[in-house]
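First chain A sits with chain B, and in the next complex the same chain sits with chain C.
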Partner chain A sequence: MKPNIIVFPGSNCDRDVYIAIKSVIGTSPKMIWHKETSLENTNLIILPGGFSHGDYLRSGSIASRAPIMKEVIKKAKNGTAVLGICNGFQILTECGLLPGSLMRNSKMQFICKYSYLVSTNESKWVNKKQVGKVISLPVAHHDGNYYANNKIIENLVKDNRIAYQYCSDEGVIDDKSNINGSINNIAGIINDQGNVLGMMPHPERALEKKLGGKDGINFFKSFFEKLG
Partner chain B sequence: MTTVEQAIELGLSKDEYQLTIKYMERIPNITELGIFSAMWNEHCSYKSSKKWLKTLPTKAPWVIQGPGENAGVIDIGNGLAAVFKMESHNHPSFIEPYQGAATGVGGIMRDIFTMGARPVANLNCLRFGSPSHPKTKHLLSGVVAGIGGYGNCMGVPTIGGECTFDKGYNENILVNAMTVGIVNKNKIFYAKAGSPGSPVVYVGAKTGRDGIHGASMASAAFDANSENKRPTVQVGDPFTEKLLLEACLELMAIDCIIGIQDMGAAGLTSSSVEMAAKDNNGIEINLDKVPVREMKMTPFEIMLSESQERMLMVLKPGSEKKAEDIFIKWELDFSIIGKVTDTKNIVLTANNTIVADIPLEPLANGLIYDRPYEKKINNETVKIPNNSNWDESLEILISNHDLCSKNWIWEQYDHMVMGDTIGMPGSEAGIVRIHGSENQALAITTDCTPRYCEANAQLGGMQAVAECYRNLCSVGALPLAITDCLNFGNPENSVVMGQIVSAIDGISAACKTLSMPVVAGNVSLYNETEGKSIPPTPQIGAVGLIKNTDYQLTNIISKYNNQDIIIIGKTIGHLECSIYAREIERIDNGQPPSVDLDQELNNGKFILHLAAKELISVCKDISDGGLAIALAKICIMSKIGCIIKKPKMINTNAWLYGEDQARYIIISERNKTDIIMKEANKKNIPSSIIGQMEGKSFKVEYNNDNKEISIEKLSNLGNNWFVNYFSK
Partner chain C sequence: MKVQVHTTLKEGVLDPQGKAVESALENLGFNGINKIRQGKLFDIDLETNNKEEAEKLTKKICEILLANMVIEDYIVKILPDN
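The block that comes next holds the complex of A and B.
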């Protein structure tokens, strides 16, 4: 495992995800400044949470044009795993690696709390054991309301590319458990090649009971095993 | 040439104008007069409060830096120090709630990282007017969004605070923000200038025309035209501040900086004056070198702008290039604007002409007032009727705006970023683990009970410190030190001045007994609109250390069987000035509960003793709303009921809702109850077993009358106030 974390001006979960990965797999990820133009020898690129460029213009839009992003897009197209968390997810939709967009939460407020999630599809990112299991991860975002046109949604459903959905503590996916108004309660999606995952919840914040939950550990382990 | 009328317009008095002439030995020009007015306003000079602030206890073996710097610093062991302070942003937040609150948060964070510390936690204390006042909704939603907007973007968790409502704040809300940072003990930076010849450097955002003379606005009372002051409110850019934070910490890691000061209130004026005056130096600034974002800014405007996200530093000669590279990397302005001199004057030039030349000493320390004061003490007691049905009262109180859950607020704040929040908002104190340490954490709390202060400012000041002490003990933290943020009305009114003097007296007494020195502080006066002052609000923020997080206490029980409920501390049933009296009996005068500092100290120490011996893991202090509210909150958080038995000699409502001080609820596992009671007995700590955690309801037994309320119902009542309020 050779993870790289891209650091944009305004990223603020870069340290958290660094610590999470180090504690789960014992390898220190490499931090890559957004002005770099090449990535060498990596099999996992992480776009961390935060407020890259202050979320000015639109969340993630300025970062999606950063010098490093050309390389990230190239690597992603060649099959390298790319994980975007929160602001990272927004950057992935802005740069076109993932379809759709993330609009302001339906209540128009920033929301920070633990949310329940369930994955109904096995993928490169979710192993068999995790499928159907309700997990609890925190969200912290203002713009997490996933939107895409019908065609895109149909394709996401058809190709089993919805990675995580907001649900109740019992796994019921309904309006009541939809914390931000996302279409189909979408919390995370995968690209058509299957190697890019974008998600709003923060697995890196849920590694210890003391911090409120430790479902983040299995989340990371689930795809680390597959990536090797 | 300036006139006395111009001086008055800038907020100086006639006498103060004469003083400027005396110090200058000539009539000051407009730029000089502006600088005097900025340094001599209440906000920057503490001229009305200084005499009394000096009486506060500020020393202890663990205090590294007391008041007088950007923030206070205390030793927290392992080579680390905690840096913290609380500051007000009341006036701007009332005029423009989002930006006012946001820049308040930005300003206090800058105070912390100026000293080399990475901010690790934010808290805020909010006082709004009556919920039914037409402005309250707008102010509440704007302030909360502004605090979140800034703190969330910075990536610093907001982990606690207070929010209450009272008509006394209808036209003058309070927004007090506190930040705590952690720094390596031998890497602390101070606001000093070093030796003559050292370069003075401006970094951060450009200077614009926003917030010109903001500190003077904050030092004046409001009137009907206050809305016109909107242009004096600064506009925050948290993204730039995040870059500034990272750039400053990167520069601080290499050995370049002699002194550093953020440009907060009174901007470039106060930062340059304070730094140079500290070492008895002089300073020379070329205003043409100041990065500006607007054309043709005058020296007056540049010096008095309160544009945000700017810092002034003095570098070691020869390190300019290294420093500049870092700021270029972070895409921030970097400009060498002057140098330290030995003239003991501040000299400003523009277009190769001297535009101001003022002696620093009177600017920095020129004014101190001994204002007349009158300590108005009302000894009148009132009888509070107490015949209401306890269960109906509990339903009303748990859904009251001051006692209900504030999750609507804190869920808008990122309280988990940085990955060390181990005590969530909504409990007695926010807790952040000391990053990188195995099991040490800082517990942080804020408190003040304005209705007590209004009845008796001295007792109110004391109570605010005592409650902070209790909050910290109740999570298992050793209380270490406080910052204060003294919000009062017009000090030229002798009664208000009396409240200030009394509150400081009370704080002083409590700090001494409880060994919590005051290491930083802020004073916000003139919180007055059309002649009416706010209730005296000496807000306290306190920091404590949890030496081993295994012994951290929470208010959620994790085991459900055989859990006894024990009260530590003496219950008399004091209802005067309580929330019960205000909300149920509609009586808001009378005497606040007495504060016995020795009892506070002993009972708090006893809680820490029980925690260290692993005899308890669940504790909650008893404060607003009394025993019933504290216990109901444990039940709601833990999703379990309780059965408690009222003692014979006390009225039910007085027992449940009395606000006697120095009390805690602890939950003990049955096999430990005996040991705890024996320990209490041995140490002379008042204690009584009042019941057990069990079932699904809150149940009180007395005289065969066994009414109960389901916890689910209490939970819904407690959680829905804000949602209902905003859906109306």
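The block that comes next holds the complex of A and C.
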């Protein structure tokens, strides 16, 4: 595993995800400044959470045009795994690696709390043991309301590309458990090749019981096992 | 040459901000407002004085950065010289 974390001005979960990866698999990721233009020898690229460029224009829009993003897009198209968390998910939709868009939360509020999530599909990112299991991860976002046109949503459902959905503590996916208005309670999706995952919740902030929960550990283990 | 770009959400895309403004006005006692959609306005000063060139460049700017073509439309307006 050779993880690279892209750091944008305004990223604020870059160190959290560094510590998460180091503590779960023992490898120190390489930190890459957004002005770099090449990525060497990596099999996992992480776009961390935060408020890149102050969320100006649209969340993630300016970061998605950073010099390093050309290389990220090229690597992603060649099959390198890319994980975007929160602002990273917004950057992935803005640069076109993932379909749809993340709009202002339906109730207009910044949401900062633990949320229940469930994955109903096995993928490169979610192993069999995790499918159907309710986990709890923190969210902290203003623009997490996933929107895409009907055709995109149909394809996401048909191809089992919805990676995580907001649900109740018992795993019920309904309007009541939909924290931000996302279509189909979408909290995370993967691309058609399966190597790019974007998600709003923060697994890197859920590694210790003292801090509210440790479901993030299994999240990282789940795909590290598969990526090798 | 001065141009203006106006970006708006595409028809059918939910606009929570527009909705919030709408209900705020309703709470303030304003009647007769059917719908509000919120957008963004950019005032741009370009080096060129050629209309065609200005329009071409501005459209490119819109599609590359100013508008998210998944959810937004844009209108380019070339402003008359002072």
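Criterion: the second predicted complex is superposed on the first by the 228 of 228 C-alpha atoms of A that agree within 3 Å, B and C clash if a C-alpha of one lies under 4 Å from a C-alpha of the other, contacts with A are read in each partner's own complex, and residues count from 1 in each chain.
Quick note on the criterion: contacts are C-beta pairs under 8 Å (C-beta built on N, C-alpha and C of every residue); 3 or more make two chains touch, one makes a residue touch a chain.
This is a predicted model, so every value here is computed, not measured.
Engineer: When the two structures are overlaid on chain A, which partner does A:127 contact: first (chain B), second (chain C), both, or neither?
Structural biologist: neither
Engineer: Is A:53 touching anything from chain B or chain C once the two structures are fitted on A? First, second, both or neither.
Structural biologist: first
Engineer: Tell me which partner A:103 touches in the superposition: chain B (first), chain C (second), both or neither.
Structural biologist: second
Engineer: Could you look at A:218 and tell me whether it touches chain B, chain C, both or neither (first, second, both, neither)?
Structural biologist: neither
Engineer: Between chain B (first) and chain C (second), which, if any, makes contact with A:184: first, second, both or neither?
Structural biologist: neither
Engineer: Output check: A:12 vs chain B and chain C. Expected answer is one of first, second, both, neither. What do you get?
Structural biologist: It touches chain B, and chain C stays clear.
Engineer: Which partner, chain B or chain C, touches the larger number of chain A residues?
Structural biologist: Between chain B and chain C, the winner on chain A residue contacts is B.
Engineer: Just to be sure I read the superposition right, which of the two partners does A:205 touch: chain B = first, chain C = second, or both, or neither?
Structural biologist: The first partner, chain B, only.
Engineer: Have a look at where A:147 lands relative to chain B and chain C in the superposition and call it first, second, both or neither.
Structural biologist: Touch partner of A:147: chain C, not chain B.
Engineer: Residues on chain A in contact with chain B in one complex and with chain C in the other?
Structural biologist: None.
Engineer: Of all residues in chain B, which touch chain A in the complex?
Structural biologist: The touching residues are 145, 148-149, 152-155, 237-240, 242-243, 330-331, 407, 410-422, 424, 433, 549.
Engineer: Would you pull the chain A residues touching chain B in the complex into a rising list?
Structural biologist: Going through chain A, the ones touching chain B are 9-10, 12-13, 15-16, 19-20, 49-51, 53-56, 109-113, 138, 140, 142, 202, 204-205, 207, 210-212.
Engineer: Per the contact definition, I'd like the list of chain A residues that touch chain C in the complex.
Structural biologist: Interface residues on chain A, with respect to chain C: 57-58, 61-62, 65, 93-94, 99-101, 103-108, 145, 147-148, 181.
Engineer: Quick check: in the complex, which residue numbers of chain C touch chain A?
Structural biologist: 13-14, 16-17, 20, 64-66, 68, 70-71
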